[in-house]
Amino acid sequence: MMVVYALYGVAALLALAPIAIALGRSPRGSGVIYGASLIVTLTLGMIALLNLFEYSGGVSVVSLPLGLPWLGAHFRIDALAAFFLVVVNLGGAAASLFALGYGQHEDSPQRVLPFYPAYLAAMNLVVMADDAFSFLVSWEFMSLTSWALVIAHHQLRENLRAGYVYLLMASFGTLALLLAFGLLAGSDGNYAFDAIRATHASGGLAALVLILVLVGAGSKAGVVPLHAWLPLAHPAAPSHVSALMSGVMTKVAVYGFVRIVFDLLGPPDWWWSMVVLGVGGITAVMGVLYALMQHDLKRLLAYHTVENIGIIYIGLGLALAFKAHDMPLAAALALTAGLLHVFNHSIFKSLLFFGAGAVLNATGERDMEHLGGLIHRMPQTAFVFLVGCVAISALPPLNGFVSEWLTFQAILLSPQLPSWGLKFLVPAVGALLALSAALAAACFVKAFGVTFLGRARTPAAAGARETDTNSLAAMFFLAALCLVAGILPGFFIDALAPVTKSLVGISMPHQAGVEWLSIVPIAESRSSYNGLLVFIFIVFSGTFAAFAIHRLASDKLRRGPAWDCGYPDPNPATQYTASSFAQPIRRVYGTSVFLAREIGEMPAPGSTLPARLTVELRDLIWDAAYAPVAAGVGYATEKLNSLQFLTIRQYLSLVFAALVLLLLVLAIWP
Amino acid sequence: MAVIREFVFQGAEMLLVLLLSPLLTGFVRRMKARLLQRQGPPLLQPYRDLIRLMRKDVVLADGASWLFRINPYIIFAGTWVAASLVPTFRSGLLFSWSADLIAIIALLGSARFFLALAGLDVGTSFGGIGSSREVMIASLAEPAMLMIVFTLALIAGSTQLSTMAAFMLSSEVGLRVSLGLALLALIMVAIAENARIPIDNPATHLELTMVHEAMVLEYSGRHLALIDLTSELKLLLYVSVIGCVFTPWGIAGPDSGPLALAVGVVSYVGKLAVGGVLLALFETAIAKMRVFRVPAFLGAALMLGLLATLLLFVSRSL
Amino acid sequence: MTFDALAGVLLIPALAACLLAALPGYRLTSRLNVLATFLTCATAVSLFVVEPRSGPYLLVDDLNKVFIVLTTFVSFTTSVFSASYIGHEIKIGRLKPTYVRFYHAMYQVLMFAMNLALVANNIGLMWVAIEMATLTTVLMVGIYRTHEALEAAWKYFILGSVGIALALFGTILVYMAARPVIGEGPEAMVWTTLVTRAATFDPALLNVAFVFLLLGYGTKVGLAPLHAWLPDAHAEGPTPISAVLSGLLLNVALYALLRFKMLLALNPAAIAPGPLMVTMGLISCVFAAFMLYRRRDIKRMFAYSSIEHMGIIVFAFGMGGPLANFAGLLHMTMHSLTKSAIFFAVGHIAQVKGTQKIADMGGLTVTNPVLGWGLVLGVVAIAGLPPLGIFMSEFLVVSSTFARSPWLTIILVFGILVALGGLFLRLNTIAFGEPRGPTAPADASYVPMFAHLAIVFMAGIYMPPALVTGFQNVARLLG
Amino acid sequence: MRGLSFDIAHMLAGSLVLVSFMQLYQDRLYALLNIYALHALILAMSVAWQAFVQDAPHLYLTAVIALVFKAIVIPTALHKIIVKLGIHREIETVVGVGPAMLLGMGLVALSMVVMLRVTAKADPLAREDLAFALSVVLLGLLMMVTRRNAVSQVIGFMSLENGLVLAATGAKGMPLVVEISVAFSVLIAFIVIGIFLFRIRERFDTVDVQALDRFRGERR
């Protein structure tokens, strides 16, 4: 029954689109649309929560006479779908709330408003779909609407290009999924998920499906090397949409992967996990390394999405490995880690994109090199952005740490895996995960430090002012959620129990009952973590120290100029920039990963020319995977194009050749 | 009743680390001086410095933000909590299970995160140098540390320090290759994390060679005192981690009488002394390396850790 | 006598043709044109209500019913579009009134010929009708009498004539194959008789016949490498004719091909027609997809996209099977509607911008939002993106054939993807970015375009069961 | 009677193929025209013979059309055109005469192979006729693609069409034959007029590139 209510909600969202067209440029349009979508998404989120906690009698199914006529459109909310619905609608609600303020500054609302609710609806539908056709329709509709949002500011060439690459990659992914479903459904077309579940694909076939799904869902989630579109498209969209794309849509892609691989595809082979783990590890590290090289704030965040997707895939890969070797408890742990990270990342990535949007609004700048000192101008935004940075850097006591901690715990269980390939791969992946975590911290020191700290580098940054209340409300809400999920992780883990039970047959031990509210994955003697206590400890000792010092020792304070080697009145340009901050790391990793080269031109002694230092970075993945394709298509079109300019006689000779050829075929036909 | 007793012990633990840490630093400094045939500062000099700094006014740079002012407290708190969760003289503390070794590492990571931010806050080129180099070092040190944690956790079957210590005391440990690798790697990481020679020189203020000092250059008065105390705590923490994991002898059990506790305290102080001597010896023996040699050094640590873990994965008996 | 719908769909256009040829004055004739096509359409729809008995010359069954209704409907909407289009052409003096009279007459003749081809029960008659349709379109393509319009018409004429000859030879061969079994005389060319006895025909003759028919009618379908006439004819003729060509004439030729495919399929000893069609379909799809990229002329680009989709359709029918046939039929319908809608949009766009060069038009969604977004919607549909009909048909084609023959399907998917890239590459410059070229508001009739798009959108989400069952019957018929 | 009729029909059809070869061999327009006239003449004879054999009087009409229209009217018209357009020079061929002949041989062989697979159930007359007709068609097409000159291509098309008529008449009792031949005559008339009106000297084999660049907006 719940699914029907959910569908009503989706229908409401879809109905908003034409209304938005009607409202068009009217000043109150954005308020109406975003307010309405806020309400609807909240409702949908409530419904999903009820489903997740099985207050609604578990799985609910409905089938409408839409889509494929003889099949109908099936929709279903089970635990997995419910969880992802929560993620989707939470992000949607936050984005709508943020947009209530942010959307006021949109200069072409008629290009955003119609597609925004449709986009939300599409993401909900993907998660609810229960047959291949509805799934793919919603999936591609999601791509389409988000494409329209990406090119909302179409006067900028790079936005159009971003949209183009995005749409191509999206369709590529969709076609891959389509082929996968073609295999799963067979040539007589059993597209309903129940039918697919009933027929387990055989080894080779299943392997092919896995690869296709990895490509199809991966290209949407931004798995390396299919990530190329992501850092182009996500920043191009309006910031609340960027938040949705990065925080939510990539999770919908993860949902597609989980749904097919864990649910539809039947029992996994052990080597599947090898593939997934390898992909995940590489994605995590590459993503964060790319991010470190950026100085466009939103692009940096987009690359971090790639990294976090990698972390999620590591969790899923471990779950696959344990599932394949019939270690359900460990599988439950790994899956929980992955899914919890899905939830966490959706929160703090939305938060960070909101922050970036607020900055963009206040300064009109996305380039960190032109920002700085914003903590003075917009302190509240700075505070919530800082919370987001700490969370995404996987630092206690916030939520990012919890999911990574669980992933580490899962890795520590993996020596019991019998297969040798995994014995070698898993520690390496663990190292990659640790590396990516450390690098992420470095990257967000850079992101926050260069953007908000220091002194303003441009008048725009100097003149910034705090953003509006709606935006702040959305950001503070998410920041609070980061903290809650960080210090009371037990409840969130328990919320995931039905999901893991449905996918690997068993769920992690009940957490909420543990004393002092700490979480214990396996056994307390083995490992445990208590975010609440740690938080209390830190607060206590910090305030204690502050109190003691101010009471017992001096609390006087004088202002003075900063010490800068005795140069008076230093220019803001002498500050460390984003690229100079990244320089040591670029020296260490970049030389091999990006073939980074620093070319310094020093003028001759006595000449007044400025010395300049230029840094060259090469995107090897683009050069290796994408440039050749583009070149190949270009070459083919160039060659084939000459066929447009033949003479009639030459065309006739083509016909003649075809005729003779076919006759020859007949002649040699047995 | 028992809970209260545990609380007492936990509080004692916290106070103990807080009080001992300057002493350890002073001890190391004096040792180094002696090894250099110098008189050296008195043992209690660090306490005096701290008190003096506490008394002084804070001179805050013009561009400094609120974050800059609360940072020292955050950093101090994070490190202190981490330090007080390490079993020193008595295992099985009340809250020791609230954060396992991974969480302790992560806590130190948070402290470092904020310290690096502090370096960037005023907007001078110095802070920039400091924090950029700091995060570069950390980006290698943390994975190495985690690999070490993996090794220990796989051997002891737990990431809880108390459980590790107990397991190390038990007979079934034996001598393992991977333990040796882990110890070596841990020492290298500890040196890097505490900004000791050859990674960094805590005594220098020469711009281009310093990392840690560059970050905190703008701090003064009570803030600087807290920062210094924090770094001393960190040194103590690492020494006690090594002591607790690799030389767990003498640590009193959860429910042991006063005598055992006394033994525990004494043995703990002894361990600290030994650690200090070794550190001093090491630091006087070698010279500081260039910043961009550091990756090689830490990369080696990382490889050692990874190797140790791999060995354990491949066969549980190594 | 009772009203015979079959005669209706033939007589109405014929009479209208004579009438329109006689009457002067653009306004009146264009209205009459619309009226006539509407009546034809209504008559065709009535076929579903009362199904007349098919005689020796005229035939009606599930297969051609679908085609007839589609043809008459699109011709109706196109005549509505053409009314406003031709009006503008006269205003700017590109067409003289005399030519308009000729144009309308020819339009009706074309309708007559296509309907005849669809209802003909005699393969000779079918041939005659299709050739008649070809020649009329040749004349209409050349109607602007510009240098390149004449060249396009000439190219179309020559290649078309050769196609005619090949198709005729094939028809003769079919007769030769049928004669020994059925006996001399017209009876051996009657479709209904042929299918009943096909199993006993001489396979070798049938094979040769099919080769010639495939090439002959394939020329009309626009399969590569026989496609050469198609892009220029689309680009240089008046846009309503481009719409009719893409939307209807290709389908009619395809219909003939399908008929003969069914014939061959009935004969176990003959070669399987499927592989031949699949091969040509794949070649056309991939080739046309690549050709989309370097197009500078908007109408020529969409002409190539028609070739690509014909390739997909022929592929689907070549693969056969209930699902693939259903998909092919659906795809054909959706393509006719979408492509004609696109040409409606393109026609007005070209009139607004005063050129067909893509380089000279830009930012349409800013300057002419309705036209611009209409075009975007059309391209989205034609590129096979949901929630529009073509996505459904492509979904069925790919998913139903992949399990059977993976490699062929992968080639097809590759072609689809390449085509999508080409289409959107151009769409970006046409519909988005900084406005270029004149930005006068268009005096356009948007109804036909959005009617088509609405149907396509509808079909992508919900298909009425009656339609589905009809399609399924046809799919079963096609085997 | 049966055998004789067969032989004559066979002879006529075979000679049609032969004449096609002669056309292929010619490289002067006037000569080509004359040979085409011969081609049409033979066609007329064979059609007439078929009419006699099948005693299908309507076929005589076709024969007459072939005789009058194709053997006399069209060649003279083309003759005039050639004079008017001043293209009575050598026909530049794409492939030399020698290779063209070889190709022709190949085509004839191909058509034989294809047609002789037809089971003998179909009566031999039809089979032979079809074989020849097919080869005439193919030879005509070959001629169209190997000659650059418009007129010679028209001639190629016409001989192709002769092949069709041959096949049609060979098919005993085939309806619509007359109509078809008429229709084709009209078609050919169109082509000839087209050549004459549009002054298409070489349009078959030229595309003027400026036109493409200027008008079509396409570019090589």
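Letters are used for the chains, namely A, B, C and D, taken in the order the chains are written, and counting of residues starts over at 1 for each.
Going forward, a contact is a pair of C-beta atoms (placed from the backbone, for glycine too) under 8 Å apart; a residue touches a chain by one contact, two chains touch by 3 or more.
Here the structure is a predicted model, which is why all the values come from computation and not from measurement.
Novice: Is the number of contacting C-beta pairs greater for A-C or for A-B?
Specialist: A-B
Novice: Suppose every chain is reduced to the average of its Cα atoms; which one is closest to the average of all protein Cα atoms?
Specialist: A
Novice: Could you state the distance in Å from the CA-based centre of chain B to that of chain D?
Specialist: The mean C-alpha positions of chain B and chain D differ by 99 Å.
Novice: Chain A to chain C: how many Å between their CA centres?
Specialist: Comparing mean C-alpha positions, chain C is 44 Å from chain A.
Novice: State, to the nearest whole Å, the distance from the C-alpha centre of chain A to the C-alpha centre of chain B.
Specialist: The separation of the two C-alpha centroids amounts to 35 Å.
Novice: Cα centroid separation between chain C and chain D, in whole Å?
Specialist: Centres of chain C and chain D (C-alpha means) sit 31 Å apart.
Novice: What residues in chain C touch two or more of the other chains?
Specialist: 154, 158, 162, 204, 208, 294
Novice: Could you check chain B for residues that touch two or more other chains and list them?
Specialist: none
Novice: Would you give the residues of chain D that are in contact with at least 2 other chains, written as numbers and ranges?
Specialist: 114, 117, 141, 144, 203-204, 207, 218
Novice: Mind pulling up the chain C residues that touch chain D in the complex?
Specialist: It is residues 124, 128, 131, 146-148, 150-151, 154, 157-158, 161-162, 164-165, 168-169, 172-173, 175-177, 179-180, 184-186, 188-189, 202, 204-205, 208, 232, 235, 294-297, 300, 355-359 of chain C that touch chain D.
Novice: For the complex, give me every residue of chain A touching chain D.
Specialist: So the residues of chain A in touch with chain D come to 641-642, 644-650, 652-653, 655-656, 659-660, 663-664, 666-667.
Novice: Tell me, which parts of chain A touch chain B in their complex?
Specialist: Those residues of chain A that touch chain B are 372-373, 375-376, 379, 382, 386, 390, 393-396, 401, 405, 408-409, 411-412, 414-415, 423-424, 426-428, 430-431, 434-435, 437-439, 441-442, 444-446, 448-450, 453-455, 516, 518, 524-530, 533-534, 537-539, 541-543, 545-546, 549, 552-565, 570, 572, 574-576, 580-585, 587-588.
Novice: Within their complex, state which residues of chain D touch chain A.
Specialist: Chain D residues touching chain A: 94, 107, 110-111, 113-114, 117, 138, 141-142, 144-145, 147-148, 153, 203-207, 209, 212, 218, 220.
Novice: Which of the residues in chain D come into contact with chain C in the complex?
Specialist: 114-115, 117-119, 121-123, 126, 130, 133-134, 137, 141, 144, 157, 160-161, 163-164, 167-168, 171-176, 179-180, 183, 187, 190-191, 194, 198, 200, 203-204, 207, 211, 215-219
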